[in-house]
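Right, I'll just put the structure down here and ask away after.
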């Protein structure tokens, strides 16, 4: 029984693992047979890690130690191939907790972009839920699909190549809507139609003007409890010789907008 | 079929809903038959909301509108009965994304406290996963169990009344360990034994000294990729007449520590 | 000689001192003969502190120790009588260093408000400089004058009861202009006329929209090197049992705008 | 009279000016006769700016416009030759306002480093005040002197090549003490002897451990009203197409410690 669980913790061929050498050298690598992975501190035979447990300590051909670690959701977000800016774990984590989604939820994600948001949502709504992801630029969908396949969650994602501002959403009564497009206010009317009453919409945008216009649109379209905030993560350096915040870092990514849909009197019945 | 889904979005007796009057008046209320809920802007007959859809717009007996909203994970965190300080959504959201947990995961949560962390984790690992929660102060467990029952996820939680520093953990090969106790460093040795190789441990503490000692303990016990940060959420006031950050707010909750377990050479095989 | 300096450090009648009991009880008090000063921890005879050195340790009639401390510029800012919001030391300190003012400078301050900014500027340009302060609401000027007299720097302040947007400024070739009015953009054209070429203008406003409009006005009126930022001060609790940031605090006061005036080709000669 | 003032605003030979081309190209330049100043957007004949007013708009030999601006205190801080890290305007500005210094003050600055703090203090205590600056590493003093001479305030600075921890300070009854050394706690006993009662000490350090030890030393040596904080400046991008905080920036420089000296009963008389 213990053995069986152990085997669950074995690196199998095609698994995606973090190969961690040090704070500046960590890679998301697919464990592919008969392939070598090169770093500036030496080469790694991927055959060498297949069949080993996660947490395995290996060595490059130059003798540098490396660790095989289980990728977190955040790792997969940061290491995805991206053609666009990407939502950060600090932002997405908060947004997810400010909805009620979990295993079995049906959610909409617009726009798909590099697929990063869809894949994290897909992992959290598995095995019975579904992420319906909308993108109007065809070229993005292929990269997104690759990222999501590599993360092992393509079964929980339905791709729509479609302009949701003009055509709307196919699904009805979804549990949450996540918006990451340059003009979120334009999507709000259709998002309102597709979202369950009382449930959660979230949107993010880098600029204040986008937020202001989105809030105005939410106020006009049956949304209440509108909340806007931004999140800053400050890394700390914790060392024997002294603890202090890191001196430089990311100071802004996006403003997060959240709201709940209400039923208007005439839609109530 | 559509109808069936609609019915899923109906407020049933015993459901827990957010009753939202305005930004200062929002309550987590269990929809109990023949019970009245009082606010300073009037009384609400809970019979009136049972059978209505989420998003329903009702009125207190004084004519003030209220909305029935679906509680988010964050709502349930903030509105839980608590005898201790509580983890914030901004912190827990990031931490969850920096692990690989999702439906089916088996995780450890220590200490239980008011049960807030356990209940959010339970919702995310449902229906087949399990949260093993450890608490050595018996008086906390009862409140925690009530909070978790009210949130509808008691099936995914196993309670242990036990001092895990001395006795260790019963489970083996768990997918993640979450630590929220005053002396996290003391739990690290046993956490290391119970955690799968390559997987994630997370801990939070308000003070720098706690963090420093925890990091030292992680370095001594087969952990790598240790990362420490703190997260600040800045609320924005978005109004027609002017947009600005809120002038006062929460400026610190906790430092977050994360690490991955490695297998030592002799545990590898 | 040493004695003479000592006497400089003596509390004289009419001096303004900080009476400090503890972190929650500190007062800006004028040392007035035959007057008692009451606190909830006892009464202080002000005769008792006159003639004592700064740093003197006294006792209230209930036996609680207090200290007579030299007020900082920041103390005088925070303890001034105010009818308006007030600039913070974290903001004004940065702004001052981003100008070239010092002893002898001639500067404009608009609007006067409670006089807090004028009095700090007056202390820094003494003894030969001058602060020209403009206010269109007569009722503010009297309070401002009292605050500035109490701070002992009324000789360095010239009051103008005047609407500078319509009437402009009397002075020419001032070394810096400081703007704290609700519509800073409206003052920019006249500020441009009164400011020396190459010198510094600073403005602050709580809302983003004010900042955007002010920046546009600066761009239209011979200003360059326009810079906008905000400053957050995070208080730290440093205690034997643990160090951490304070949990609640001020998270926003104002956006700071700075710019330098250029000479246009036709004004150059 | 107006003419006379105008002449004060003329760039004279040996003046130090900001030559500003754009946000990435701005230089602190000494206006030296018969010297050329080179930039990647063309060469500037410095003869061309001598005799012109501040705010003058010139052109490089490649036709790029540049502006001659009056350097702020902050410019001189950032553009000084430095062999050490340097205090930031956001930190020094706050600290200055949390003392009572101004024209005529006598203050101590330890250690001298690149002289940046001494030169700003010197400008603010001119013409009759004095900055006594202490440095034990001889090689720093020469660079500091050059920086201070270039800023035109060497008359207000007295240099001491001396280890103040061991030898103490020569001056008595100074108005403020500013400490920027790696072990501030070691300077506190001598700082206490040299500082006027009731007056202000300020210290800054990057690491938490330094702060904790300094606070302990202040508590042991007649200091009260001890306050610690850090200051973060967030730059804003204000553009026609959208306003947002800059995405990357400086997130930590130093923790600021402030305290007031008290007189003990036996030193009172």
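To keep things simple, chains are lettered A, B, C and D as they appear, and every chain counts its residues starting from 1.
Methods note: contacts are C-beta pairs under 8 Å (C-beta built on N, C-alpha and C of every residue); 3 or more make two chains touch, one makes a residue touch a chain.
Nothing here was measured: the structure is a model prediction, and the numbers come from that model.
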item	value
Geometric centre distance via CA averages, chain D-chain B, whole Å	47
Chain A and chain B, separation of their C-alpha mean positions in angstrom	20
For chain A, residues that touch 2 or more chains besides their own	208, 230, 234, 243, 255
Contact graph of the chains (line, ring, star, complete, other)	ring
Chain-to-chain touches, reported pairwise for every pair that qualifies	A-B, A-D, B-C, C-D
Interfacial residue positions of chain A with respect to chain B in the complex	2, 5-6, 8-9, 17-18, 20, 23, 26, 52-57, 67-74, 77, 89-90, 92-100, 102-104, 120, 123-127, 172-173, 196-200, 208, 211-212, 215, 222, 224-238, 243, 255, 260-265, 268
Chain B - residues contacting chain C, complex	206-210, 230, 234, 241-253, 255
